[in-house]
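There are two complexes below, and they share subunit A, which is joined by subunit B in the first and by subunit C in the second.
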Partner chain A sequence: MGAHAGRIVLRLAAGGVLVFLYIPLAIIVLYAFNDAKSQSWPIEAFSLRWFGVALGNAKVRDAFLLSFQAALGATTIALLLGSAAAFAVHRFRFFGRDTISFLVVLPLALPGIVTGMALNSAINFGIERGGPSFGLITIIVGHATFCIVVVYNNVIARLRRIPRSMEEASMDLGADSWQTFRYVTLPAIATALVAGGLLAFALSWDEIIVTTFTAGTDETLPVWIFSNFRLPNFRPVVNVVALFLILLSAIPVYAAARLTGGSGQVGTR
Partner chain B sequence: MQQVASTVPSATERAPSRASVAVHLERVRKTFGEVVAVDDVDLEIRDGEFFSLLGPSGSGKTTTLRMIAGFEQPTSGRVLLHGRDVTGVPPYDRDVNTVFQDYALFPHMNVGDNVGYGLMVKGVPGKARRERVAEALRMVRLDGFERRKPNQLSGGQRQRVALARALINRPRVLLLDEPLGALDLKLREEMQIELKAIQERVGITFIYVTHDQVEALTMSDRLAVFNQGRVEQVASPADVYERPATAFVAGFVGTSNLISGDSAERIVGRRGIFTVRPEKIRLSEPGDAAHEEECTALGTVRGVAYQGSDTRYFVDLDGGLELVVTRQNLATSSMEALALKGKAVRLTWDRRHNLPVTKGGEGTEEE
Partner chain C sequence: MSAATSAGPGGTLTGLRRGVASALHRRPRLQLGLLLTPPLAWLGVIYLGSLAVLFLSAFWRLDPDTTQIVQEPSLVNFETLANTEVYRVIALRTIGIAAAVTITDAALAFPLAYYMARVASPRVRNLLFIAVLMPLWSSYLVRVYSWRIILSEEGPLNWLLGLVGLSGPGFGEISIWLVFSYIWLPYMILPVYAGLERIPASLLEASGDLGAHGLTTLRRVVVPLAFPAIVAGSIFTFSLTLGDYITPQLVSSTQFIGNVVYSNVGVAGNLPFAAAFATVPVMVMAVYLIGARRLGAFEAL
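Moving on to the complex of A and B:
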């Protein structure tokens, strides 16, 4: 009896959490299909006309492209540096190993506004000495600071789950270090790499705080939304753009969760 | 008992047999920080023999195996494989293969690719590889399992795949690290017989790590008993059981039943440390007489463990010593066996069954 009641309470609680999380998103999605310009309830007619308006807007297209390039760039850097750091920390015992592990993970916990400020100062410092000016490159560097962490976390968690005997068996059977990496280690961490990459992409895709400090006058999609959603004329278009953002972050996160069997490190700021 | 149980270190003492030496460990020592895992071990393992490294966990047997495989490097000493010094040679350049305790199958490869892995990295072409994979799988009675994934196999089948994978390279020495530890008793007994049969068929030297003395006694031609990083005895199973070199060996391979000090003088008639196997001791009424050539002692049964085919009696001797006696339940019911608890009894056994042992580390005392 008690157990039965407990189960009902748990289900209600879980349902409540889901409603709390997803009702606001559902409203945005509904409004994206609203024919009217004003957000009035109930919605009288559905249409796709705001999708056309959004796609016809050059600023939206530019912002979409910039966001996409930034996310791809940051993900690439994160995959290279994040997995390299994970291998180094996992494989070798060296002085300060734990410190390095901590320092790699720290940027994820640091307030974005602090990271942003620091990067802004560093970029200004660099520009005076011939470094890149504010734009795609600086956005990528800024996003990479926290994207590296998710790749690192995913890869090192996987490396720790691979039994030592697996690589020993490979060497025992005649494979040298490179063959062992190529045929045994890399396949074993492949899904962790993909999952880490997808999460990194999703993080970069909707980032706004660090971007504000590193983008200069360029606008990524989230920045564009932020500067336009107060203008009544743009409200329907903003809803459509928000729907794109939701889709392009939800798909990679869903795929990453599937790849890591639900136990992956879904690190998010 | 053609050979007196020899203890190590004393490699020169042991007459080298006709067979050549497959693995030779020369004063091999391995330390991890402060901990001495393997302490100056000398061993000669002959070509084609089934040799076990037996000992409790932490006794250094697995570390010794890992040094033969090349996964660990000795802190000092040398490892020779068929006369070649391989100390410092990486695992992939040694003519040995290993069956791991956890099998270590590659989960992303099917059975065929797992078994063929050693040939693949050596560049053996696909057709020849497939033929040898099929042959290796046939040997472990897994014909046609090439396409299965490791996670679709039972524990016993994984075990066989690991064996086939290690044997396909045709190594001269196969190392097995507690390979049957994860299997249930029934399967383990089957695999013991099968492993032994395979070893005899392929004629490869098997070096087998186990903490199970029954397993070591069943399968080995010879075995080394490890304790705290040292080898206490190297001998045939019969010698290890019937002529244990040290108190530790007596206790680890069977029940220790040690008689020492004043009790030895009183019961055996002279000083020293002796062990007597529990199945050699007879239980009788306190009033019964003993022959001259027999040792005898009075005591009280403190506990009775009925084990189906036989019963173990824990007897406190009047002189303050505990001996275990096992008796087959030929005509004894469990009720009769259990009724002995608390009764006064006389223990008698033939003098020949007093086995002199040392505390450990040194040679055997002769009677």
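Moving on to the complex of A and C:
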């Protein structure tokens, strides 16, 4: 096989894999506009009517709201705790410093079902002692646990790239440590915080495994899909909700990837 | 928060903030404590604590008569696991499909990763990077659900294969393998891409200068150098498949370890047994990680 033929084969194979990655997403987009109730292919007519049905469904609206609140809450906590941990590890030397990055990644690295069960027992343990019962708060606790690493990774990667001399210069020029943080450090890490926050939001928004163990009887959007996808009557609505789910997780991820120049933290989902 | 320059009531606030800031500046240990306590309390105490209780509870048992959990250490759950045919089959099926998915993903990831790392222009490379990143981070459930449509009786795949007189795999072990390979593929592409990008071009030129054919260079130079990166990617594809229970439920009626665990937490209410079965994927991964480390995968992450 010549080098030229080899290159053509490589292009075809690479293109094929890319198409494979995106066909299922295209299928969801198409089916959201499917007029028919059945899922049979080819789609015969397109319409927007199931969007109306989906928006008119109170359970879907509630689930949408719950998912949104949970994602916002989890993102806020992840931003606070993730950046606090990143600053501590970057600025200080202390006993156990090397284990921090291991500790933050653990909730994502372990199978979701293990994290879910552990949190489930912890919540039950808490309820017996007057803690919050299953609902929005426990969903936020669960999601924040595995979102911390996303913010931590983004912020610490950025902190390592900021020259220490910038902050030293600020202090030498008479700024106090608050002003140095506010006018030098914070602007330098701003895009890392936004990118980390966006990824955390996306991760929380469509999470299902940990959610099923922390939500009790409340339904987030993914849980709603999971409990209705088998019902033939609900299929068209499930297809519309699936499109919502894709959009509100793909858009933040795209924005985060652009913000970090495509060099965002990968691998450690 | 532009109060730093404002006067009046904001001025005292600014003064207070400066006071706090400089007090903290003089006491780095206090600063460290304030930064570290919240995340450590959350992850180190609540999360690690509940993990510890979970693994401890694997050694408890459910009294079948009273349906109460008996908190005496015993190996009864693990004995049930080892002696029950069904659980052995489920464990082996889960591990087997996880291995098949890993091999499939390595084969699928390689051409795209190679194209990104060594052929594409920087602009195209950036676009492809984002194109791979997006499905990695988003829409896990929806992407699985989409396969339920694709694989269904009257779905697109059967229609397409029907044109040439074939039919799709339906819902079973093959569909699980296919969908898992699809879902975790980005986790393999990115580490392999990073690994291939690190190979110096001079090595490939040297191989060519010494008379190696393109395929020989690929087999003798590129693949061995990229191998640690493939192992790094395999950590994700293998581990994520081991712990999943959503995909098997959506595209088959086959049971995975996760499905048994899930039904024991919920319907059966046998938390100790669920915890015991959940240790199986964790143990398998611990062994896998030790092996991966020997193969240099951690340097390739």
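Just so it is clear, the second predicted complex is superposed on the first by the 255 of 269 C-alpha atoms of A that agree within 3 Å, B and C clash if a C-alpha of one lies under 4 Å from a C-alpha of the other, contacts with A are read in each partner's own complex, and residues count from 1 in each chain.
Convention: a contact is a pair of C-beta atoms (placed from the backbone, for glycine too) under 8 Å apart; a residue touches a chain by one contact, two chains touch by 3 or more.
Please read these numbers as outputs of a predicted model, since none were measured by experiment.
Once the two complexes are laid over each other on the shared chain, residue contacts for A:173 go to subunit B alone; subunit C is not touched.
Contacts of A:233 after superposition on the shared chain: neither subunit B nor subunit C is touched. Within the superposed three-chain model, A:217 lies out of touch with both subunit B and subunit C [touch as defined at top]. Contacts of A:110 after superposition on the shared chain: subunit C is touched, whereas subunit B is not. In the superposition on chain A, A:165 makes contact with subunit B only, not with subunit C. Taking subunit A as the reference chain, the count of touched residues is higher for C when subunit B and subunit C are set side by side.
On subunit A, the surface touched by subunit B in one complex and the surface touched by subunit C in the other have residues 176, 179, 183 in common. Residues of subunit C that touch subunit A in their complex: 1, 4, 17-18, 20-22, 24-25, 28, 31-32, 35-36, 38-40, 42-44, 46-51, 53-54, 57, 108-109, 111-112, 114-116, 119, 126, 128-143, 145-150, 152, 154-156, 158-159, 182, 185-187, 189-191, 214-215, 232, 236, 239-240, 242-246, 250, 258, 261-262, 265, 271, 274-275, 278, 281-282, 301. Interface of subunit A with subunit C (complex): residues 1, 3, 6-7, 10-11, 13-14, 16-18, 20-25, 27-28, 31, 38-42, 80-82, 84-85, 87-88, 91-92, 94, 100, 103-104, 106-107, 109-115, 117-122, 125, 144-145, 148, 176-179, 181-183, 199, 202-203, 206-209, 212-213, 222, 225-226, 229, 238-239, 242, 245-246, 249-250, 253-254, 257-258, 261-262, 264, 266-267, 269.
By the touch criterion given at the top, residues 69-71, 90-92, 96-98, 100-102, 104-108, 117-118, 120-122, 165-166, 169 of subunit B touch subunit A in their complex. Residues 163, 165-166, 168-176, 179, 183-184, 187-188 of subunit A touch subunit B in their complex.
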